[in-house]
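Next come the structures, one after another.
You will see two complexes here that share chain A, one where it goes with chain B and one where it goes with chain C.
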Partner chain A sequence: MEFVIAKDELIRALARVQGIVEKRSTNPIIANVLLEVGEDGMKVAATDTEVSFVGRYACEAARPGRLTLGARQLYDIARLVPTDTVSFNLPEGSLQMEITSGKSFFKILGLSADEFPAVPEPGEEAGVLLPMASIRELIDKTLFSISSDDTRTGLNGAYVEAKELEDGTVMRFVATDGHRLSLCGRPFTGSFGEGRSLLLPKKGLAELRKLIDDGDGDWTANFGDTQASFRRGSICFSMRLLEGDFPDYEQVVPSSWQRRVMVQRDAMIAALRRVSILASEKSHPVRFAIINGGVTVTARQPETGEAHEEVEAQVEGTDLEIGFNARYFRDALAALSTDVVMLEIGDSLSPCLIKPGDGNSDELFVIMPMRLE
Partner chain B sequence: MVAKVRLLDDSVINKIAAGEVIERPASVLKELVENSVDAGATRITVEVEKGGRALMSVTDDGCGMSREDALMSLERHATSKIRSDEDLFSIDSLGFRGEAVPSIAAVSRFELTTGEHGADVGTRLVVEGGEVTVLEDAPSPGGTEIRVRRLFFNTPVRTRFLRSPRTEMAHVVDAVHRLSLAAPHVAFRLIADGRRLLDAPRADRLETRAAAVLGAKTAQSLVPLQAERAGMRLEGLVSKPSLSRANNGGLYLYVNGRFVKDRTLVGAVLSAYRGVLGRGRYPVVVLFLDVPPDTVDVNVHPTKVEVRFVNSSEVWRFLGGAVSDRLASVGAAPMDEASATDVAEDPEPSGEAAPFGFGPAVSRSPPRPFARTLAARAMDAAPPPDSGDPDPLGFAAEAAPPDASRACTARAAAWSSRPRDGDGWGGRARPRFSDLRLLAQYDAAFLLCELDGELMVLDQHAAHERVVFERLRAGGATAQRLLVPELLELGPDRTAAVAERAGPGLSELGIEVSAFGDGTLALQGVPRGLAAARVRAALHDLADLLAEATPTPEDLRLELAGLLACRASVHAGDTLEPAAVRTLLAHLDGLDDAFACPHGKPTLVRFDRADVARWFGSAR
Partner chain C sequence: MSERWPRIVLHADMDAFYAAVEQLDDPSLRGKPLLVGPNSGRGVVLTASYAARPFGVGSAMPMSKAKRLCPQAIVVPPRFDRYSEISKQVMSVFGDFSPDVEPLSLDEAFLEMSGAERIFGGPLEMGRKLKEAVKEATGGLTVSVGVSATKYVAKVASDFRKPDGLTVVHPDEVKDWLAPLSVRALWGVGPKTGERLAALGLDKIGDVAAADFDWLKRVLGDNGGTHLYRLANGQDARRVQRSRRMRSIGSERTLAEDVSDRAVIQEHLRSSAASIGRRLRRKSWLARGVRVKLKTASFQLMTRQRVLDPPTDVGDQLYKAAVPLLDAFEYTEPFRLVGLAAYDLVRPDDPLQLDLFAGGPTKKRKAEETMDSIRERFGKDAVQRAENLGKGSWEGPNLDYQE
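Moving on to the complex of A and B:
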């Protein structure tokens, strides 16, 4: 294998895989990145066996070949070499890659490409077309609700299905950690499959999210039986589908309310941020006193003191006191994009529904209250 | 003459839980002194050198043994005190396992001189590492004299677990105090390295003995108590509200004459003092509870400090009620802060104590809330004996934090009767955990840290368990409701037990449950930061527990906190990021009892530079 590649192109290729390669595995090869050079350029692949990445990059190929090299080391070399182009040469039958840049020379021992795990890379066939804004919002509005606790694997990912609504079909992502739930539907084109559903793992979605902002353009998704692949231009990101049960989420979304509150999103977030300074430790319990004309948010620490703030609101229904984890509430409010948000609440022990004030888009958040003493 | 010592039937042996009897010098002495008491001694002299490692001797004027008996006593499970299965369930004497003497003889140079009353010639026998090396006639000492030298000489691993002579001595003193309080009619003398630490003449009354052991001033604040109900008898001394301690080392509780650490009993006593003593203060009590032998199982643990009652809630009510009534009759009003001096923090063992070489304390650090957990080490660092601390008893107090030992005595005893070390800072101020510099995580289980030139090793599970336990125990946790209730199929009985009996306690901890249809329990809310699945696992444990026992609400709450803490803590094998370690250390700083996990295992062991240097055979 012998090729010359632009330094910038090499850096871009390697930067993307740094979050994917697994450094702590007992299998050293997955800390490596696969370089495969052919007539059409260089393919770079990385995997931790759960998620994987394949990108194609331009290079001047003199002689084809493949080898895996330590991802971290190669990235450091790429960033620091003194020239704008870098030459790679792997002598026939050798596993030692020679890298030359101006007067710098490196020789690194790699591992045979034959031992690298197979990295899925579906063909060009049309899958589901997801506009960039759709895929970005689907992830942003659900990722934070995915459970990090590995005791129930079904909750460690986003549940995905196609949903037919009045004004068209959306792809829906739903996530929950058992205390709160995020739901977001966004338009797509293509066929997802009637009655089909699947689970996308948290790490995969978090890595995919980074790639989305890394470039521009819509994404094509292919959902296989065990893998989901997302492709944009020359890069393809795949993740293994999560196995597990996801709860019947529609049952959890309240369909009626006794109190409805319309409130300015920014004002509410700011109030929660200030008040929860005095909320005790991890779960930041805060009390919402909902009365006509406003919501008073109170936090209290027995040893330290308390804080409260009144936020103007339009309230329908009777007065109510209810407790929430302030962080859950802020996460949901921050994920909404409208200026005004709507809270629908039953009683002090039943779920609270948070929706965009205009009620237009297919998104909502459900937060379970905390029991107040 | 009929031989009094007999071999137990195999079936009896099988009923006796196997286990180590001999943990440390103090346990040797306990076994030997109990034998002396059982032999009808009126005078027992205990001599100890170098914390018991060099020499321990127990001399009594009891009934003595024939040569046949003496030899027989070296057979495992040879005991003169018990003969058949039925007997095992009606145990009236103190020792019965028949393991003690052979166990001791197997790990020491053991010398026994004994003779029966009236006989001129007795027997002398020497056993080294279990082998009888000398068996000869000797002048009868009119009782039995046992000398144990070089304990653990052939078990280097056990030697490693021995602490410094001072620490071991503290345990010895503790053990002798416990034994002597239980037998006022027997004169006790304890001599350590040539100094008389205790000289308690025969006494008719417990008060007299208490004055000799606990100090005259303490004894003045004790009032007698007697009560009887439904076959149970309670007798002893309880402290007036004017006397209190910062730890539970003043709780001398005995069941059928045997010293026990039983959470039912401790809980009952403390509940009686609730509202009488301030928070974090503990009474001094010497209480003897007699219950029919068949209503108590003393065979729970080889060292026999733990018992199990057939009906623990009845015992709880009886004991708590009796102490409560007695306190009411001395007009114990909620405590007056000003009058509640730290008597036990600054005790004088007794007026008679001074001649034994104990002067008044010359240097005493102000009472610190953690002082009780530092007992053993404090002994190490105490000034020389002449000016030393006159309260070996206090120092020898239960090393596990009082509440923890109450919560989890059962398992504490099973795992390790007390934290072995690492919980003491001598006379120095308690270090801040957050000042520890993390060096590394070892085996994904231990945190190696450095502070002021010392190597500190933390058990990450024990430390985190303590943090979670305290958080839970504080109660008033806010339940975060679940979107979808977790359903536990426990069966009708267990579901009802958990929902009805444990429901209120659970909600205190931030757990909401309700019976959900037939034999299914719905978990509807969990405390902050705890995954539903972990709570679920703890509820299963709880259901098992409730199927077997009827704990008091207080015990139940502590038990639950313990179960949850164990389930919810990091375990060995969890890799911790440095940031997580820092958070853990900071949390430990906020706790009074940070040096032991809720089960009494130590959270931290420290080695100074000299310790480490010794590993490499260098002197410094």
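Moving on to the complex of A and C:
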């Protein structure tokens, strides 16, 4: 294999895969990136066997070939070489890649490409068309609620289903860690499959999220029995579907309320940030005193002190004191985009519903309160 | 007298603490109306001296309003470092009276005084001595003290004759003593609930105590009704909590023979988990984490741990969380020691994140509580889990520990 590639193009290709390769595995090849050069340019692939990435990049190919190389090391080289183009040469039958840039020379030992796990390639098949804004919002509004507790496998991913609403069908992502829940539906075209649902893993969604802002354009998604793949242009990102049962989420979305609070989102976020300085770092407990005209947020720790702040709000219903993890509340508020948000609360032990103030889009957040003394 | 006290709980609350510290440091302020707080239009009063209070000034009132009500008041900006310094002196005095001091803020704390009569005398004497000691250590600050058999009544009592008060409520007199007080003195009753109770014809604590329990639950909800009824009748089982974190309860055994069989290790874990659960419940702790410890034949110590969510005091939950941790060890040689520990202990009334999806270990806990009480009456071997029947006892000595 022999080729010359622009430094920027090489950095772009390798930056994508740094979050995907797995350095702590007993199988060393998945810490590597696969380089495969043909007439149509260079294919770059990386996988941790759960999520994988394939992208095509431009290069001047002199002689085709393939090899895997340590992804981190190669990235560091790409970033630091002194020239705008970099030459690669792999002598026939060798596993040592020679890299030349100006007066710099590297020779690094790779692992045979034959050992590299198969990864799904970008295809041309039809799938679900997801506008860039849709996929971005679906992930941004749910990713933070996905559980990281690996003993609750059903909660380690976003639950995906198609939902028919009054003004059309949306693709809906739902995520929960058992304490809070995020739900977001966004328009798509194509067929997802009636009554179908699946779980997309957290790492896969986090990596996909990074790719979204890295280019422009809509995504085509294909949902297979064990894999989901997302394509845009010459890149394809795929992830293995999670197995596990997602709980009946609709049952925990409150359908009635006893107090409804309309509040400025920014003001509430700012107050929570200030007050939670004095909240315990472990679970950030704060107390909301909801009275006519406002919400007073209080944090108190016997050893350090206390803080409180009143936030103006329109309140319907009777007064209430209720405790929350300030972090959960801020996450939900930050994920909303309207200036005004609506909180619907039952009593101090029931879930709180948080929605956009205009009530327009298919999105909501549910937070279970904390029991405070 | 004092043998009729099931517990002795003391609540100590410094009088107008911030203002008193300012007056201590600057004698020219003594006896004068004094407001501690930021001297700006938007600030609130943190503490008002007793000379300012007859004007209707109180803490949390906007400074602008307080100055209108009491124009002659002197406003002093707060010096938290100084308050904290004095607070340490005060807490240190409390520590001389009891090993179990639960501070609620810089200027108030509960002290568990059960069993301390022989050192300090009866409840009244304890209160007197504490007040003297605080005054002496701080150079003149006064503290109001309430003593009773529960945290709740002790706290109400310390507020009863402020400032410089001392109120002892004998457990036999609690109901009568509480009865004429306003329902607002019930823990958890704010202005709103107060109005609600008044509308139900409940003005005094005695009205709540005498109300029909089922009716109370119906009108106030199960939790609210039970809570207020108990308090009104002087029942409050909350303990004085010394420290809230950094503790663990564990159990480990050095085995007579090294083992490599996972099933055997699991058996040891189950038995340790049951014993740890029992001790957690007895001391009212919940564990937020569980840790498995294995020592190899060549004395290499390995531990694996995980967070428990929700926190638990149920042996079965500890065991179920511990077993998957065994997957994370390497089994290259046999083990000579198996240990289990519950760590990151919290109290049942610490802030607790509630779960969205209902269901939990309630049933298992009931079963284990029943086993606890059987063992208490008939001895350790009186009851066993079916899985453990016919299995011999431990090979090595049991090293139960607390740290």
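Everything below uses one rule, namely that the second predicted complex is superposed on the first by the 372 of 373 C-alpha atoms of A that agree within 3 Å, B and C clash if a C-alpha of one lies under 4 Å from a C-alpha of the other, contacts with A are read in each partner's own complex, and residues count from 1 in each chain.
Quick note on the criterion: a contact is a pair of C-beta atoms (placed from the backbone, for glycine too) under 8 Å apart; a residue touches a chain by one contact, two chains touch by 3 or more.
Bear in mind that the values here come from a model prediction, so they are computed numbers and not experimental data.
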Have a look at chain B and chain C on chain A after the superposition and call it: clash or fit.
clash
Just to be sure I read the superposition right, which of the two partners does A:G305 touch: chain B = first, chain C = second, or both, or neither?
second
Please work out whether A:E250 is in contact with chain B alone, chain C alone, both, or neither, and reply first, second, both or neither.
neither
First, second, both or neither for A:P285, with chain B first and chain C second
both
Once the shared chain is lined up, is A:D319 touching chain B (first), chain C (second), both, or neither of them?
second
Touched partner set for A:D358, first chain B, second chain C, both or neither
neither
Would you check which partner chain A:L372 touches, where first means chain B only, second means chain C only, and both and neither mean what they say?
both
Identify the partner contact of A:R180: answer first if only chain B is touched, second if only chain C is, both if each is, neither if none is.
both
Among the partners chain B and chain C, which is in contact with a greater number of residues of chain A?
C
So which bit of chain C gets in the way of chain B here: 55-63, 109-117, 163-171 or 181-189?
109-117
Show which residues of chain A both chain B and chain C reach, each in its own complex.
149, 151, 176, 178-181, 247, 252, 283, 285, 323, 325, 349, 351, 366, 368-373
In their shared complex, at which residues does chain B touch chain A?
476, 478-484, 507, 510, 512, 525, 528-529, 531-534
Quick check on the complex: what are the chain C residues that touch chain A?
80, 102-106, 190, 192, 221, 223, 306-307, 309, 321, 324, 349-357
Using the touch definition from the top, list the residues of chain A that touch chain C in their complex.
149, 151, 176, 178-181, 247, 252, 280, 283, 285, 291, 300, 302-303, 305-306, 318-319, 321, 323, 325, 347, 349, 351, 366, 368-373
Chain B partner, complex, touching residues on chain A are 149, 151-152, 176, 178-181, 247, 251-252, 281-283, 285, 323, 325, 349, 351, 366, 368-373
